[in-house]
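Each of the next two complexes has chain A plus one other chain: chain B in the first, chain C in the second.
Right after this comes the complex of A and B.
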């Protein structure tokens, strides 16, 4: 079991990063080629100022009509995304990994706070699941791949909380946690989670469309 | 009893006492009383203290040379695996927040334990195995 953990936390981590980086480049390049082939003129209308205006305004909760019209989603998604990034990089145990493996000292979340943020992220995932089950306009567009992505992103947090609180066999739970994180990282480019790569670009596209083309009073 | 015999008896008893005391020196000098990794230098702790029975660990791991863990420091400040430093606490060289470019105490502890356990495929390697609640 120790050998398996050593493999999972060593070579397999690099393989997961390889999938993520090479997969991301592949998806971005092939998406650019597709946009050029199918909607070439739109590329000429891309505007940096309108793109940034749109991105900045959508980064502020309840600032846009989209956010205002769906308060539950707005709260859940902001808490989820901020919590996700905070925990992934700055959780105390993750900072120790940066320190031990690479000799990099970074600031880290206090133990209790990191734990609380993890629970908030899991709660946000529950909100996402509730929407897909209960709200007709979300249920209607939900496909199995949406559930797959939601499970993929929730698993590292569920196993992480269990490992932190030492529920179940510690080494097994920690191994499962690392595996879940690696699976998530490796599959980001190839699942619905690829919005992490494309979100800023789709926002830029719409910001440019509304601002530079339609001159609409909208971001 | 003859006076000579009394002196002889006293001398042999003293010899035995001296020998017993002499043989107890290693026991007294050993780390048998060490049950935890020293962590007071850190101040407030984020995680539970780490259990570490020095002598039981070394017996189980078959470690006989002190220098395996208690490495020294070369003149240019690098790790010296030839000359040991047993007797000095780790924190005497590894400050919690070093200003001289030394390895910080927490990093030194984590690397010391985990690197060896991973290489040997034995002993705790995951966070909660050492920092058990």
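Right after this comes the complex of A and C.
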């Protein structure tokens, strides 16, 4: 088991990072090439100031028509995304990994706080699941892909919390947690989670189109 | 959740088109359009749309059908374009019928849902590309197909013959000279400041609008002209049908007709979709980032005339009015402040609809939906109850509507829901209030 843990947290981690980094670069570069070849009439209007205007306005909770229309979703998605980034990057144990693997030392979250944020993220995932099960306008368009990506992001948090609180065999839980994290990392470029790569660009395009051409708000 | 299959509407254009389809032809055409005409934009939209459903409340169809998810923008994209992409065009002719009905008659391409999508997905664009595929398959509702045929054959929307166009202008000029003895409608005047362009329904059945525009131009002393040759019609139903080849022909003819007369700019009447065709779709098809001739919408033109003190009114319109914000000039050009300044200049009291400005609900006629004709009138009436409620809540009887499509759509809704209201163009009000010579 210990050997397996060493493999998972060693070579496999590098493979996951490889998938994530090379996969992301591949997706972004090939998508840009396709956009250049086929979407010239959209690319021509890209504008940095209007992109930023749009992104900033959508970063403010309840500032847009979309955020106002569904308060539960708005609260859940903001907490989820902020919590996800905080825990993934700044959790105490993760900060140690940054240091040992990459030699980067970063500030880390206090243990109790990181734990609480993890619970918040899991609760937000539960809200997403509830919406997919109970709200007709979400349920109707939900496909296995959507469940897969939701499970993919929830798993590292669930296993992480279990490992942290020492529920079940600690080594097994920790191994599962690392595995879940690696799976998530490796699959970001190739699943619905690729919105992490593309959402800023689609937002920017809409912002540019509305700002520079349409002279109207896109929020 | 209702299903599109349960609300199938009989239409000869759709039925005849589907009758000649084979699965092989569908597959070939779908992939030809997807590979040839779409790219990263559509691919990214399909991939990153998280199916969160936030766009739903942006759609007047969804709101008017008691939150029926079948009408949410994401569902419409899922049942049409995303299905075509996932199946790589392997769908049945009957599915194409339903997709065409959804894309042509249950989405006005108004883009209101853009204000609701956190990721910035343009469902209007997605549905336009579904229409493009349906057009390439020759599955298009009969009435709008006829309109686009008219465009293709006559370069105007209403089968107006070349001599009838000139006759209509001269007829209005003649009529107007009873009231304004020196009034002219100058044809083909080279180097004029303003080239005034209208849509073909004006000479066909809203001829008084040409009369009124001539009266306003005359009173304001504008150096203007109207073209005698094809190119005069700025409307563009080919754009909504998905016949982009003819959309390009129309816009080229329009721009070139203005360039030939070496005018300073084009001023267009109170129309929304025609504006979309010159700044958004037609110009881009031709490779122009912006229109090659400056184009000013009537709202902005009237605003300028008012700023310059060239419009003199005898009194303000006394009855309270509300304002319809047309999607193509609000979400399309941000003219909401100018529109309000114009209306407040002309009217004593304005009661705003809520929501308004770029967040206003669509009229449900635009995007070519009203042009799909009588078979789909109920789709529009039932699909825009929310607008009827919005109008009723203002408690006023007059609606200022600076767009032809919005006019048609709102007048229908007002009748259907018995609201006892009446729509007015800005031109109607200016003409009514302006100082006229004493005879």
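Some observations on this one:
The definition used in the following text is that the second predicted complex is superposed on the first by the 207 of 219 C-alpha atoms of A that agree within 3 Å, B and C clash if a C-alpha of one lies under 4 Å from a C-alpha of the other, contacts with A are read in each partner's own complex, and residues count from 1 in each chain.
Following the convention adopted for this analysis, a contact is a pair of C-beta atoms (placed from the backbone, for glycine too) under 8 Å apart; a residue touches a chain by one contact, two chains touch by 3 or more.
These figures come from a predicted structure and were not determined experimentally.
In the three-chain model built by superposing on chain A, chain B fits alongside chain C with no clash.
In the superposed model, A:105 makes contact with chain B only, not with chain C. By the touch criterion stated above, A:34 is placed in contact with chain C alone, chain B being left untouched. By the touch criterion defined above, A:96 reaches chain B but does not reach chain C. Of the two partner chains, chain C is the only one that A:73 touches; chain B does not reach it. Superposition on the shared chain A places chain B and chain C such that, viewed from the Cα centre of chain A, they span 170 degrees in steps of 10. Once chain A of one complex is fitted onto chain A of the other, the partner contacts of A:171 are limited to chain B, with no touch recorded for chain C. Of the two partners, chain B and chain C, it is C that touches more residues of chain A. Of the two partner chains placed by superposition, A:57 touches none, neither chain B nor chain C. In the superposition on chain A, A:47 makes contact with neither chain B nor chain C. For the pair chain B and chain C, the model built by superposing on chain A gives 35 Å as the shortest CA-CA distance. Taken together, the two structures place no residue of chain A in contact with chain B in one case and with chain C in the other. Touching chain A in their complex are the following residues of chain C: 1, 37-41, 43-45, 47-48, 50-58, 62, 67, 69-70, 72, 74-75, 78, 114-122, 279-280, 284-285, 289, 330-336, 358-359. Within the complex formed with chain A, the residues of chain B that make contact are 46-47, 103-104, 106-107, 110-111, 114, 117-118, 121-129, 132-133. By the touch criterion stated above, chain A contacts chain C in their complex at residues 31-32, 34-35, 37-39, 41-42, 44-45, 54, 58, 64-67, 69-70, 73, 77, 131, 135-143, 146, 192, 194-195, 198-199, 201-207, 209-210, 213-219. Contact residues on chain A toward chain B in their complex (touch as defined above): 2-3, 5-6, 9-10, 92-93, 96, 99-100, 103, 105, 110-111, 163-166, 170-171, 173-175.
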